[in-house]
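Heads up, the thing below is written out as structure tokens.
Just so it is clear, A, B and C label the chains in written order, and each chain counts residues from 1 on its own.
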Amino acid sequence: MRHVFNFLQSTVGRKYLMALTGLVLVFFVLGHMLGNLQIFLGAEAINAYAYKLHKLLPASALWFIRLFLLICIAIHVWTAVTLTLDNRKARPQGYQKKQAIQATYSSRTMRMSGIILLSFIFFHIAHFTVRSVPGMKYNEPGVISKKVDASNDFIPTEVPLVKKGEAVFKNGQKIMTFNVHDMMIAGFKSKLVSLFYIVATGLLCLHLTHGVSSMFQSLGIRNSFWRVRLDRVALVYGWTIFLGFAVIPIATLVGILRADPSGGLIANAQVHQQEDITHKLFTQEVTLK
Amino acid sequence: MNFTLRVWRQKDSVSRGELVEYKIQDVSEDSSFLEMLDILSENLVEDGKMPMAFDYDCREGICGMCSLTIDGIPHGPESGTTACQLHMRHFKDGQTITIEPWRAKPFPVVKDLIVDRSPLDKIIQSGGFITTRAGSATDANTHLIDKGTADYAMDAAACIGCGACVAACPNASAMLFTSAKVAHMNSLPQGKPEKHRRALAMVSTMDGEGFGGCTNIGECEAACPKNISLDVIAHLNRDYAIAQVKNFFKPSA
Amino acid sequence: MNLDAKIPEGPLAQKWASHKFNMKLVNPSNRRKYSVIVVGSGLAGGAAAASLAEQGYNVSCFCYQDSPRRAHSIAAQGGINASKNYQNDGDSVHRLFYDTVKGGDYRAREANVYRLAEVSSDIIDQCVANGVPFAREYGGLLANRSFGGAQVSRTFYARGQTGQQLLLGAYSALSRQIGLGKVKMYNRHEMLDLVKVDGHAKGIIVRNMVTGEVTSHAADCVVIATGGYGNVFFLSTNAQGCNVTAAYRAHKQGAGFANPCYTQIHPTCIPVHGDKQSKLTLMSESLRNDGRIWAPKLAEDALKIRNGVLDPNSLSDDNRDYFLERKYPSFGNLAPRDISSRAAKEACDEGRGVASTGLGVFLDFRDAIQREGKKAIEERYGNLFDMYQCITGDNPYVTPMMIFPAVHYTMGGLWVDYNLESTIPGMFVGGEANFSDHGANRLGASALMQGLSDGYFVLPYTVGNYLGEQGVHSAGKVTNEHQAFAEAENRVKARIDKLQSINGSESPRSFHKRLGNIIWEYCGMARSEEGLTTAIEKIKELRKDFWSNLRVVGEAGNINPELERAGRVADFIEFGELMCRDALMREESCGGHFRIEHQTEEGEALRDDENFTFTGVWEYMGDDIDPRLHKEELIYENVKLATRSYK
């Protein structure tokens, strides 16, 4: 135990942890982005993806993954905070005049980008995962409706799971799933939210252009030969992530992505009459626009 | 050449310091930066004032004694150069130049531009050596060391211990200094037996002395008058992690 | 003054081995009862402190820099000699011994030099074990080069930073002992006096350069390893802080000073640019392998070049004087240091010098570049050319480099016997601070060898021998409570007060410059009876002026660079006079000492073996009394004295 403690106490050890958790998060954002991009394949695809993500594994495994990611973020942030505090202490009196010699903008702003990203992550989880940010249009028909019982909670509106334009049945029952497609579009309809989202992914890009290469340095597997290459990889990676995420709110705002309350069911197929009255209203609203 | 100098003056370690402005005239462009400060000091002495206190010795860029932050850059704007090898021709006539000491908690100002860098010595004392006894060594060619390894060790060993890396780092980290010694000794076969101990002990002393941590931004490398590369830091990170893992499974004192 | 060199009996090759056997040993458990003071942390001091601590003695080590790693040994570039014969080119202990004695112009002690050659191999082993990253061949073996005109490749090197790497090796060994608590390190402390108790050296008085506090430190013996006195010339390649104070104050306490006039002038330094310059920078001698040294034939051409009217490149070969090639056709531009330096000075004396001050000659790579291409030259000397350009702002690929000789090393020093013990019992002297191994001239790559030989391999034995002889009952008996310490402390404080109370108008630096000019003018590369007599008079006047017109600003209880310099300059002035006296006494030319009265018809140095085969040792007699000369006759049993010829 003493050794673990030593490791955690040392600046080098904490940087190691920061790099390892960073690595997990780097892969996570890539997966997350690829998942999100399926929105361009239509409601059928992304809703099916969301269904698989949530229902294929047992709930405990899902929670385990979520917890793991949260712990990674927590460690990443904890190391950053403690190291920053230590670093501040190491120079109580600053220079009256200071110039950066070669440090890139991204490397010097990791703390700024990190803090804003963290607040974004809180918002993002509250917004799309927990769906409890006040003032957001969760009560948009087709995404979430208010429970009518005494609890007055919101419950997600469900649409059928669709494959090749047709509803999927299991044991004679239509499999219902949450309409992620419409939720995202509803979410990004707010210009403010979209702007924050784009800015945050921009900062993520900034964070990654230093972080992805720096990670290898902290893990001790970088040298000057690979540094140039890894720096380039990090730049490309950061921009890829940025564009991959930012394209969705942009596409929503310019109207390329539109809500599909059917969840991807092909029109005139054996569509079961939607009984939900609010849903109809919502469809009308869309067509009115 | 004429300059306006804004120089840090501080009577002793307990006094408060401040930037004081001086004008200096007729400096030869062939003068080194320290010779320019010599002239300033002589001028001050003529006026019966205390001359500048600043560290210097060899004045040929190898002893590592000089320690001036010139316009916010340790050792000044020329890369791979110590302040004593920096010549005034690299400045513009009439320029205002700000000169401050190294700034870091472990390097308290002793007087004016002189700081106490003994924590760097302490880092070396904790593990920056290869244990040998005079007269007991085997023949020098017993260990064959390939040229690449020898060159790498030499690159790392070129550190002059000036502390510019600490001064340049926004975190006042001594990682480049510490890693350079670890990389030099850990890469040589003679240094292998103490490899793990060295990495653990030196990092622990470095942290204990109050230096900050590394954020891989490379200011140290850019300020280093001997162009020591960040590669050595990666080397230390690697050796440190291996040593910790090894120590975890098989603790050795 | 007893100048018994205590050279062991027996054949040359067995002397050291049998001496080691005959020396007293100190029981390991008794060693911790003894304490040793080491002043200086360079190759000799650092290595000695580390090795003595390793053996179990309690060591206190003092240096004036902020860390022991900054000692000026760090600046040596070229390399370190050792008789390993790794290149299979016929090297041997005896050849290294012979070369060193011959290179020293037959003014060194045979037995000491032989021991130096003998342990040179051990030094390389020790340093490699220590982690010194010497250059290697592709096969992993140590690389060697030929250096300073030697006919064998016996020089080991670590890029152009050999001195640095060796020093850092010794520093790491010393650091280990500091970490273990066996060495107590005193940084930023300057030794200001030696304390003797019953005739034996038992401690020192130091000034803490940060707080100004003057303190006494007692030990069972004292090792002085404080380097050379090249800064007596004001401008030299030495570090700014290098000084003669420790050695000179010990001299005043009774230690004989040997051969102070033997100074080495290095031919390839960057010329002086103006009177505000503080330091001369050495360019590696290897440049002379491809560069051709010349000065304009005509003084008027030289004047035009100085004024920038004439481009040196446009001067035709007919109007150039490649003076080394002309005078020494067989060695040409590779003639030894003393000879090349003198030839350059002569050209400048004739008004044919270049550089802004007229004190410089060209080192031209035009022909080499034409012959082998710029790329080949760049590969060989790229870093040196860059350094030159960094300092002078000139591009040596285009404009020829300019060089001028500068003081580089001092062969003279405190007299020591075979055990490196001075004329004061219990005071040992190592490295450049002693006089022992280089005679009148030092060969390239031998200074590092001597420093480490003294520090790692000689002092740890001979100091132990002395302590053993004193007996364990004496260990730690003398403390700094002893009256002698109080007296010495008062002496030191009185001197500091005196320096501060003059309240004149001239700064210590200014006095230092004036002294430097006198010494360089009259006791530099060429010396004469007339010049030296004048110099002695001038120095006396300067000394009087110093003690009546010095101005030291600031207080003593704080960092005060003016006070530090004032104390050092005061000693340099007195020492400068001693140097001139020695030069005046030595009526011959040998090695770095050239008396214009004693030269051959062709202007070569003329030794007088009949009358001057001795070491001149000076005894301090009192402040205003002339020092007394003692002679240690040099007996050559193994080499035949011959004339050095480089024609």
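FYI, a residue touches a chain if its C-beta (ideal position, glycine included) is under 8 Å from a C-beta of that chain, and two chains touch if they have at least 3 such contacts.
Predicted, not measured: the structure shown is a model, and the values here were computed from it.
Enquirer: Considering only mean CA positions as chain centres, point out the chain farthest from subunit B.
Expert: A
Enquirer: Which chains touch each other through the most C-beta pairs?
Expert: Highest contact count belongs to chains B-C.
Enquirer: State, to the nearest whole Å, the distance from the C-alpha centre of subunit A to the C-alpha centre of subunit C.
Expert: Those two chain centres are 69 Å apart.
Enquirer: Distance between subunit B and subunit C based on Cα centroids, please, to the nearest Å.
Expert: Roughly 27 Å separates the two chain centres.
Enquirer: Which whole number of Å gives the spacing of the CA centres of subunit A and subunit B?
Expert: 43
Enquirer: Quick one: which bits of subunit B touch subunit C in the complex? Just the residue numbers, please.
Expert: Answer in residue numbers: 11-12, 27-32, 34-35, 38-39, 41-42, 44-46, 48-51, 53, 55-60, 62-65, 78, 81, 85, 87, 89, 110-111, 114, 116-118, 120-121, 124-126, 128-141, 143-147, 149-150, 153-154, 157-158, 160-161, 184-185, 188, 190-191.
Enquirer: Which part of subunit B faces subunit A closely enough to touch in the complex?
Expert: Those in contact with subunit A are residues 6, 19, 69, 71-73, 79, 98, 100, 103-106, 168, 170-173, 175, 200, 203-204, 206-207, 210-219, 221-223, 229-231, 233-241, 244, 247-248, 251.
Enquirer: So in the complex, which bits of subunit A are touching subunit B?
Expert: Spelled out, the residues of subunit A in touch with subunit B are 3-4, 6-7, 9-16, 83, 86-104, 107-108, 110, 210, 214, 216-224, 227.
Enquirer: Considering the complex alone, what residue numbers of subunit C touch subunit B?
Expert: 47, 50-51, 54, 65-70, 72, 74-75, 84, 86, 122, 124-131, 133-142, 158-159, 161, 163-165, 168, 171-173, 175-176, 178-179, 185, 187, 210, 237, 239-241, 273-274, 276-279, 281-282, 390-393, 456-457, 460, 507, 509, 551, 553-554, 558-559, 561-562
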